[in-house]
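Please find the structures below.
In the two complexes that follow, subunit A is the common piece, with subunit B as its partner first and subunit C second.
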Partner chain A sequence: MIREPRAKRSSRLSLTQREAIYAYVFLLVPLVFFATIRFYPALQSFRLSLFTWHVDPARRTFVGAQYYQDLLSNPVFHQALTNTLLYAAITVPVSIALGLGIAILLQAVTVGRGWYRAIYFAPYITPAVAIAWVWGWMYNVNFGIFNRIIIEWWDFVEGIGLPWLAIDPQRFLRDPEVALPAVAVVIIWQQLGFQVVIFLAGLQGIPRVFYEAARIDGANPWQLFRHVTIPLLNPVLVFAVVITTINALQLFDQIVNINFTDQGGPLGRTLSIALYMYQEAFSRARLGYAAAVTVVLFLIILVITLVQLRLTQRRVEY
Partner chain B sequence: MQRILRTALVLGLLTGLSLSLAQVTLTYWQYDFGTRIDAMNQLIEQFNAENPDVIVVQETFPYDAYEQRVAAATAAGQGPDVVQLFYGWVGSWQRAGYIEPLPQEHIDHAWIEEYFIPMVESVKVGGEYFGLPTAVRSLALFYNKDLFRAAGLDPDAPPQTWDEFVEAAKALTVQRGPLFTQIGYGPGGQDHHLIRTVLMNQLGTPPYSADNREVLYGNEIGAEALRTWTDWQLVDEIGVLEFIPGSGGYRDGFINQENIAMIVDGSFAIGQVRNNAQFDWGVTELPTFDNGVQSNFGSFWMNAVTPRAYRDPAVLEASARFITFVTSEEAMQLWLEVVGELPAARSLVGDPELVSDPVNGPFIAGLAYAEATQFVDEAAQRQVMIDAYNRVLLEGMDPAESIMLEAQADQALLDDFDD
Partner chain C sequence: MLGESRRLRRGLEESVRTYRRRPNGWTILAYVLLTLGALLMVFPFAWMLVSSFKDAREVLSPAILPSQWTFANYVEVLTRTAFPRWFMNSMIVAVLNTASVLFFCALVGYVLARMRFPGKQVIFIAILSTLMVPTEMLVIPWFVMSAQFGWIDTYWGLLFPGLIPGFGVFLMRQFFQTLPRDLFDAGRIDGVSEFGLFLRIGLPLVGPGLAALGIFAFIGNWNAFLWPLIVAQSASMRTVPVGIALFSGEAGSAWHLIMATSALAIIPVLVVFIIFQRQIIEGVVLTGVKG
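Now for the complex of A and B:
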């Protein structure tokens, strides 16, 4: 047996311990970075929410939980909260279902798959401001493409003597009942590419042998999807659900830019919590109250994400 | 020889250093707007030449990020010494400590009240002035003379009353089925001011009490003002909000698309119209009701000092000197030429050349009876007005009911601010 030469000059630390120390030393850099630019400001914003806002800390007045009480009884906050949950309730299931569907179809495509992928992904990398502008024009009542089509259709059915088939032009973003779903459509359209790419990667990670084995056992396409694809795609689905939900809860850019003259309007029907927070902070200079809104938004996102993880991240049995 | 050179170099560096130590550097902030930056650069150049002990540096930011930048920078003790802001923001900015009162030892209140037009008093809060403008703005009616001719209207007889305005606008509106291809009046830009300040004052009620503690329009007159305006869209069908999307959509439609025949806009739009409109256009004073009472909404951007300017008496003095310089008559003349905004000094608004100018004239005339409505929280008070007309336009609420809701919400904002 060869003697371990290292044992002689062994320090009090074992190799694994030393490795761990090295690892922590290197980790310290990003850790300090995160602590100073992430955690510390987050804690500060909680602190801010307990004081009236003034640039001079000496002139801030402690108000305790006053802002939290205020926002809980504020109808605009309630509206923003309801809207935000509605955005999530619409965009998450629809964009995931569409994304998964398109990914499965794209998988079957063999010619020009890269092009299709690029086309679906393009909206995702287009600036939200540009998207909001273009969709703002498309939704425009008098010049938008949708009402243009409706009017052409109107003329057509009148021409052939079937005027009862005509549809009225829509107000879209100017209709308090329709504005939020109309904005949700834009968000789904924009996020679709992201979902498609994630699901394509996930699908490609599923070994072919499972499908072949299932087919030999006589599984039909639906059964393949339900019992092979879905369970094996579960980690990807969880990721997509969590990310899309968080995105929906933090919606800001699209809403600000799609209705520029009345942001969050009409009548607050498209207002999101993030936009509400921004308006309170920077249009009204009420940073203390706005900080309270961010703390509440943080708690909401935390709770929803934890619940989602608990519900969806079950161990998959093969 | 080398030693001499070295000594000279060191001496030179030292004197340079001491010179720069004696010099005060002021940081000036305003938002990005081509002609405003240009005008301010010219003023700064003159000021720096005349005041060798001060160097002013201009920094600008996109309008949308402006308040955010000011909040972040001033809270960190950084940012501007002298800052430009909209007069309506004084309430929220001074409460947050972004701006401090102008130093009375350098800028005398008696001088302010003698030199500036009375509108400037709207930024006197708690006995202190919080800023001074280089230029002021009022509203007027821009109209497309070519479209007037095409509609068989006299391009040299623009509407004088709201009834004439509606009649003209009807003639100028073109519909295709249920949609508009051209509208007589393009609402959007300044309409919250048009309703709350102009129409209400014309009908006989100022929107707020003199001490700015009480909302006065929660009544039949307020309802009448709102109804007048919403009827233009609902009954007379002479225009529609968001005809052209975007923050300047109404102006874009007037200037570039040429499918909006009339807009109510501020004098700040003159430059843009003049530079871009490819048609024959005119400006006229805002119409009135049959009672003939005139009213106008005046507003201004102003120069204020931040807490940072107070860090050192020399900086504060230099800041005051700079503000006095950019509000001098010469500066106002330059601003009028470059930006197109009206001068804020009493001595200049009566200038016969300006009064008889076909474009500036109507604005100057409007200035004589314009009021800069005092806001405690301009963003929120604008929103309650927008919501009030949207409730009528989009939800069919009666203007009388909607104006009451608005008055309550507005009153709550005033009450909140006092706390």
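Now for the complex of A and C:
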């Protein structure tokens, strides 16, 4: 008689327990995956960066922060870091401004909006490796289409008697001053569609009432844009800035392929952190040092992510 | 009375029409600018195709269009290189990977959204935190691991890093959270097993999420370069991006062949994009703006 309620309680308990057990059975494989393929390697990178590299773990010697000190004084790392920040400094504002501009234009049209959107988006999903080869061909100094256009233009303006409008043929990827902006153009071209799509969705999410109200109050188009569109688009803008920045920090595919015979060149002017890491690890077999490079990259991305979290939590209220 | 209300309505319709018609000049300008931009977007693809149909001599000449359109470059790339093999490798990896991503991300997303168990929050945050770790930081340990276990030059080696992306878990969890609780309670009362609740009640209702995730997983795999470059060391295990990069690197100035190879890598993706255009773009919106 006394046992019965107790039995009842334990069976109710086991119902919750049953659900928990099932949950963990379902999570078993994924948890093993995340632990061994995601967490352990991330920690392993920290650990590897503190040791000299050897295939046999017993023969790796502890060097402490040596590799980090090497990094800080290594001019090639400095160059890779500077280049990578430059990629971000060029591609982020330009692709966001263009993406927002195109999204606003798309909002103004009704016929063919979907097709325009698709055309702008297409490069975003095509393989970056192939894209880089196509642009490398267009940038080719002797036979590339860009220099052909420049020469045609030269002939044209000379023909009509305005030679001062002529432009010199460029060495593009062979010119240390021009190579990085030339690569940045490819990156902007490729990811512009992503910005267009998310900005267009963001713009369509802004209730028309806000525009109507502001217009009744006598706001001009610029004021509408500055005081209605921008504040209401803020979360999307922050998201776009962060995604574009992180992409720029991880550039690899395009850099390797666009200048394949002189990767990162000329004179290291297009070298990115990811490519530097790859070369150190897999061409020079300095895995410990390369691991230290990736830890620095991780820290930079971590800071950006935390700043993003802070910024998106501050919502605009109307 | 009736006539007046009709007149009123006509007046209203008129004003709506003029309101819609008003931004005419701007609309034309928008079309002009968008068309110019679209031409710039399409140009590299067009130039790639045009170049790929020229012969070795003509590709270096100033001619814009080939005097004789030739498929010879494609034939040469397909027969001289291991392109069919790279294509098959990419296909195998992308299909298996997508299958794994769909099943496991949905399962984990479901468990985190709908089941109650201790430690749920910790597991969710742990999985979320993996999103902050860049691939670059993981490839060195993955390589060390692969060398140790003999995964270099195997399909498993190409596959294992992307089996369950944290992003997919997060996305599917969002989808499962929007489903009404009653559905699952009703299922429980009817004696559906825990796995059945996921498979037969939850899964059919998150179709759009699965479609977006599946397409992204497939395209992401198809385009992946860094890890396949590291782990596929023998020629027979290369994927399409690794294959075309190394082939083009050896081809020197045979731009007609390089453009044909690039076209072979790009065209399948563009075809898939044209077919699934709406789902892909909606997927970006879904994962980008709301995620």
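To be clear about the criterion, the second predicted complex is superposed on the first by the 262 of 318 C-alpha atoms of A that agree within 3 Å, B and C clash if a C-alpha of one lies under 4 Å from a C-alpha of the other, contacts with A are read in each partner's own complex, and residues count from 1 in each chain.
FYI, a contact is a pair of C-beta atoms (placed from the backbone, for glycine too) under 8 Å apart; a residue touches a chain by one contact, two chains touch by 3 or more.
In this text, all values refer to a predicted model and were calculated from it rather than measured experimentally.
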Handout entry: Superposition on subunit A - do subunit B and subunit C clash or fit
Key = clash
Practice task
Pick one for A:P176: touches subunit B only (first), subunit C only (second), both, or neither.
Solution key: first
Practice task
Would you sort A:D262 into first (subunit B), second (subunit C), both or neither based on which partner it touches?
Solution key: first
Practice task
Could you look at A:R59 and tell me whether it touches subunit B, subunit C, both or neither (first, second, both, neither)?
Solution key: first
Exercise for the section: State whether subunit B or subunit C is in contact with more residues of subunit A in the superposed arrangement. Expected result: C
Practice task
Mind working out whether A:W137 is in touch with subunit B, subunit C, both or neither, as first, second, both or neither?
Solution key: both
Exercise for the section: Look at A:A285 in the shared chain and tell me whether it touches subunit B only, subunit C only, both, or neither; answer first, second, both or neither. Expected result: first
Problem - subunit B versus subunit C as contact partner of A:N147, first or second or both or neither - result: first
Practice task
Return first, second, both or neither, reflecting whether A:V94 touches subunit B, subunit C, both chains, or no partner chain.
Solution key: neither
Practice task
Tell me which partner A:D168 touches in the superposition: subunit B (first), subunit C (second), both or neither.
Solution key: first
Handout entry: Colliding region between subunit C and subunit B, picked from 8-16, 44-52, 62-70 or 188-196 after the shared-chain fit
Key = 62-70
Handout entry: Intersection of the subunit A residues that touch subunit B with those that touch subunit C
Key = 55, 133, 137, 140, 142-143, 260-261, 281-282, 287
Fill in the blank from the handout: Per the touch rule, the subunit C residues reaching subunit A in their complex are 23, 26-27, 30-31, 33-34, 37-38, 40-42, 44-45, 47-48, 51, 59-60, 62, 104, 107-108, 110-111, 115-118, 120, 123, 126-127, 130, 132-145, 147, 160-161, 163-164, 166, 169, 194-195, 198, 219, 222-223, 225-226, 230, 240-241, 244-245, 248-249, 253, 255, 258-259, 261-263, 265-266, 269-270, 273-274, 277-278, 280-281, 284-285, 288-289
Handout entry: In the complex with subunit A, residue positions of subunit B that touch it
Key = 67-68, 71, 74-75, 89, 92-93, 95-98, 176-181, 188, 240-247, 249, 307, 377, 379-380, 386-387, 390-391, 394-395
Completion exercise
Contacts from subunit A onto subunit C in the complex sit at residues 16, 19-20, 22-24, 26-27, 29-31, 33-34, 37-42, 44-45, 48, 55, 102, 105-106, 108-109, 114, 116-123, 125-131, 133-135, 137-138, 140, 142-143, 145, 148, 189, 192-194, 197-198, 201-202, 205, 236, 239, 243, 246, 249-250, 252-253, 256-257, 260-261, 273-274, 277-278, 281-282, 287, 290-291, 294-295, 297-298, 301-302, 305
Fill in the blank from the handout: Listed in rising order, subunit A residues that touch subunit B in their complex are 53-56, 59, 133, 136-137, 140-143, 147, 151, 154-155, 168-169, 171, 173-176, 260-262, 265-268, 279, 281-287
